[in-house]
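In the two complexes that follow, chain A is the common piece, with chain B as its partner first and chain C second.
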Partner chain A sequence: MTQLILFNVFNGLVVGAFYALMALGLSLILNLTGVINFAHGGFLALGAYIAYTLLPYVGFWGALVIAPVLTALVGIVVERVLIRRLYGRDPLYSLLLTFGLAFIFEDGTRFIWGAQSVPYQIPASLTTALSPSLFFLTGYRVFMVVLVAAAVAGLFLLLTRTRLGMRIRAGTLDLETVSVLGVNVRILRNLNFGLGIYLAGLAGVLAAGMLGLQPTIGTSLIMPSFVAIIVGGLGSLPGTLLGGILIGVASGVTTVFFPSATEAVMYVMMGIVLLVLPRGLLGEEGRF
Partner chain B sequence: MRKHWGSGVIWLLLFTMPFWMLAVGGYTELAARIVVLGLAAMALNFLLGFTGVLSFGHAAYFGLGAYGVGMTIKYLFPSTAAGVVIGVAAGTLAGAIIGALIVKLRGVYFAMVTIAFGQVFYFIAFRWNSVTGGDDGLTGWGRQPINLGFTTLDIQGNDKAFYYFVLALFTISVAVMALLLRGPFGRTLLAIRENERRARFLGIPIELHIWLSFVISCFFASLAGALFALVNNFTDPRFLRWDQSGTFVIMAVMGGMRSFWGPLMGATVYVLLQDYLSSHTENWMSFVGLVFVLVVLFFPRGIVGTARTRTVAEP
Partner chain C sequence: MKKPSTPTAMTRRTVIKAAAAAGAALLAPPIIKARGEEPIKIGLDNPLTGTYAALGKNELVGAQLAIEQINAKGGILGRQVQLLVEDSTSGEAGTAVQKARKLIERDQVNFLVGNVNSALALAMAGVSNEKGVLHIVPGGHTDGITGSSCHWNVFRVCNTTTMEANAVSSALLKNIGKKWYYITPDYAFGHTLQEGLEKAAAKGGGTKVGGDLTPLGTTDFSSYLIKAQSANPDVIMFLVQGDDMINALKQAVQFGLDKRLHLGGAQQELESLLGLPPEARIGTWVFEWYWKQPDVPHVKEFVAAIKKKTGKVPTARTWFGHASIWSCALAANQAKSLNALKMAKALGGMKLPPEVGLMPNEAYFHEKTHQLITTLYVGNAQAKGSEPEDLFNVTQLVKGADAAASPEEAGCKMTWPSAT
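Up next, the complex of A and B:
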């Protein structure tokens, strides 16, 4: 029993790390521009399929490096052409447009790569269990958690230590002042969007290794990311991280006792959080 | 005067639809679908266009209405009326509870929370196989003839009878919404939409009004859902999913969310387009997505809104 619970807590941690990675990208974009990117799941799927296409040529590690970058480039183009027109407008319009994009992405991946799900080869070194008693600690799962942790650490370093990061954080608080101080806000928003999509692409490659590939892979993962952001508190990146891990572990533990409520439990958590702390766990009064 | 003329034309078209639908290449079920989804879009617009609050999760209440009617007829009693009552009650109750949790939130935050809460019911319907039929939807039931005492309304076998049954409920719903909007309550909602802070200073209980508007909107959305299940004799978990919610929003926006009839027009265009595309191309999702993008970029005011600015511009 203990082992079963331990297994599901760890499983929840893996899933939670994953939600957090996706939710952090969404949060970055939302905080700076007020755009809810419904197409985030579509970008995730795109990242996964790009990796799948590259895999025979560059191998697992190559795909892991290149695919998220290519996805981010697509994101930067999409921002320039479409998303840019939505800034300052009612959130209704950004929701609708990115919603339409999500449709196009899902259908597009189905059109290009087929509706059947396909397996994603991961190196044999990552598939073995680390120890026979803790059979659930497969290398890939541990690797995922470590990689997500590294990516999150990298993101927070970027945001606190580099000029770009500081500008993004300043822009989150007051974009107008940042603009007056001489920062090119158009480029800032563009790069920030690309950064968010990079995280989605990375999540996509990792998801491909864990779940295999299907065109709906992104749409099934976007809702938990929304919940993660709300539980953690809108406007707070550490909150988003915390929210993602919390709902992942909560749904992992629920799987042991009440499997059919695996998803529902996150929404129950969200309801409770909203009731007790309407701003979320780490959210602050202000922008949202 | 002009306004009444327009409404007259709409009613005339709605009441005669089964008679010319076949001649223009449609079918009676398509007419019923337009009316039902039109009702859902108008219900959403009560909140979106007339209270200024963006709910992106109305599929939940729509779907609860649908599952309410289906499960009642299948498991409890084979009565259409009882099914509709229970479906609407379920949807409205869920709306009342969720509404109470979220009335204090605004803007993006409100939208996100409505999206997320909307998914709860989808997962329940999807997971609870033994009762809801899971991914395959709830089958093995159908609409039942309605016994009115003096006569029986055969909505089961007679397509036209069913259409007029749907239209009758549509008419009552639309009349109630129009009366509410015309009265002091509706004016208060408009005041909140235009300037919430000022309305608050006037002593209007904002949260109560938004909650009431949310619940009323959910009531009619779940009625539409119940009717939609009857149209199809089937419920699908996708009725409850976020893409269905988005569809209602695009219907309202495409038609014109500042006008009373706009969402019905948006729903008509959407239903016809989807019917046409899904029978002509495998990739209809891309086209629908493209419609979303184009509407946002070029027709943010919708059909009615765009037409109005044109007529105002010309002296």
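Up next, the complex of A and C:
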């Protein structure tokens, strides 16, 4: 029993790291622009399908590098053409827009690549398990955690050490002042959105290796990401990371005792956090 | 330049407004079509989006082919047939019911067809029974549809979960092992399938060493697999379907579980096998129809006709859609009437002609339960066959009559309306 729980804690960390990757992108966009991007799952699916299309030409590693970048470019265009027009309006507008976009993405991928799931091959070198008893820690999953850690570290370096990152953080706190100080807010928001979508694309490529690749691949992953943000605290990127890992572990451990509540436990956690700490675990005061 | 207004907080009022607008959009009047001679209408209320979109679309293709064939042969009672298609969604019973009502009340369809999802099929059967419309369920498997919740107007083409369980269990018990662990989707279909398997296993000396109910749409099965493995079964029975099946099997094989124990189950579909990487196309399963049947007449023509439409071979789902629509036409033409009661009487006990049945043994609707008694195909999934889409190796044909529960066992008590 103890071993079973321990295994599920480990496994929950892996799953949670993945939720966190997706949630970080969502969180970035939400923090700077106040846009709740319901189409995030759609971008994730797009990233996965672009990788699937590129796979025969550039291989797994090539697709892993290129597909998220192409997804980010689509994101930048979408921001420029559609989302930008709704900044400063009631948040309901952008919510409705991205909600609609999510449907368009889902049906668009279905139209282009078909409703039928497609197999996404990962290199054989990544499929072996670390040890026979820890069979669930396959090379692919370990690689995924490493990649998530690298992406998170990269993101924090970018935000704390670069001019762009500082502007994004400053803009998150007070966009008007940043604008008055001469920073081009339009470009800032645009790049920030692209960065968020890059993370969605990366999550998509990784998901395609573990899950069946079908047009709804993003839809099923978006709710855990929202929960991760709310549990971790709106406005806090470390909080989002923590939130993702927490719900991953919680649902893993729940499987041991009450498997049919594996999904529900996330929402129970969210409810408790909202009641006790309405700002979330690491949420900052005064925002949202 | 316009000064950007400050963002206002979202209020309850705006949310309610948005919801009302969304509701109103659903009620918008349809585009009125020009009318010639009134065609006969068949309403298909099946998933086109969500988890079961691929299955629903294949049923649609089969249905469309049947409509073309029926119209080419003179239609139903000499009138042309028209297919009206609605997206029921994959899991929202409310939407499925609303669409069924729309098809029956506004479009005045003569037949209702649907649904892939068992729970949605049951909900729709409630509506069709209330309205007295002949209803064919193409691909929802839970026992109740032709069992405890059977209705005089509801017929089912795909197998019951009990039939699938009985068909596959002897092969698993004999060839693989007796200790089974279940990974079961947590809704009507999964519950009755597991129940059927437990009963069938018990008869052959099999035992359940554990099982988990998983929510529909689960993406990560790792925690269930860890648990299943620790129970040390001979077989992990994957009863989940659609995308869930792909996710579960793909992860189990990545974990190397296929090298330690048998990964199998009951119902398996070509759609799922096509979505899996070759190394995960493994295990003992039951198919409900298979496109490679060289000795069965008319199958080759059916496969060619579907290939011409889609470029792909038909799956069991395509066959369900095709047989469902043909059942409507056969019922009306046999009854020489569009009266639902007369058609239901005609369809009960009816044998499907070979070009519709497309099976080794004659398929027929059971007179008392309205369940189609088919042939079931037990065998093994294979990474590669003689052709790219040949992913299943049939080892045993099971007669539906041997696998089906009797009307008494199924708990079907049908009440007929008094003839008017």
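Throughout what follows, the second predicted complex is superposed on the first by the 286 of 288 C-alpha atoms of A that agree within 3 Å, B and C clash if a C-alpha of one lies under 4 Å from a C-alpha of the other, contacts with A are read in each partner's own complex, and residues count from 1 in each chain.
The rule is short, and it goes like this: a residue touches a chain if its C-beta (ideal position, glycine included) is under 8 Å from a C-beta of that chain, and two chains touch if they have at least 3 such contacts.
No experiment lies behind these values; they were computed from the predicted model shown.
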So, after the overlay on chain A, do chain B and chain C clash or fit? They clash
Touching A:Glu106, do we find chain B (first), chain C (second), both, or neither? both
The chain contacting more residues of chain A, comparing chain B with chain C, is C
Mind working out whether A:Leu28 is in touch with chain B, chain C, both or neither, as first, second, both or neither? neither
Tell me which partner A:Leu206 touches in the superposition: chain B (first), chain C (second), both or neither. neither
Which holds for A:Ser260: it touches chain B only (first), chain C only (second), both, or neither?
both
Tell me the contact category for A:Leu46 with respect to chain B and chain C: first, second, both or neither. neither
_Quick check on the superposed pair: does A:Leu274 touch chain B, chain C, both, or neither? Answer first, second, both or neither._
first
Does the superposition put A:Leu13 against chain B (first), chain C (second), both, or neither? neither
Practice item. Would you sort A:Leu92 into first (chain B), second (chain C), both or neither based on which partner it touches? Key: both
### Task
Answer with first, second, both or neither: which of chain B and chain C does A:Ile229 touch in the superposed model?
first
Clashing with chain B: of 91-99, 199-207 or 289-297, the chain C stretch 91-99
Residue overlap on chain A between the chain B interface and the chain C interface 34, 89-92, 95-96, 106-107, 260, 262-264
In their shared complex, chain A is touched by residues of chain B numbered 48, 54, 56, 101-102, 104-105, 107-109, 111-113, 115-117, 119-120, 123-124, 127-128, 242-243, 246, 249-250, 253, 283, 285-286, 288-293, 295-297, 300
Chain A partner, complex, touching residues on chain C are 4-10, 14-15, 18, 49-51, 53-54, 57, 186, 212-215, 217-220, 222-227, 229-230, 243, 246-247, 250-251, 254-257, 271-272, 274-278
As the complex stands, chain A meets chain C at residues 3-4, 7-8, 11-12, 14-15, 34, 87-92, 95-96, 106-107, 110, 114-121, 127-129, 135-136, 138, 140, 207, 210-216, 219-221, 251-252, 255-256, 259-260, 262-264
As the complex stands, chain A meets chain B at residues 30, 34, 36, 38, 82, 85-86, 89-93, 95-97, 99-104, 106-108, 111, 223, 226-227, 229-230, 234, 260-264, 267, 270-271, 274-275, 278, 288
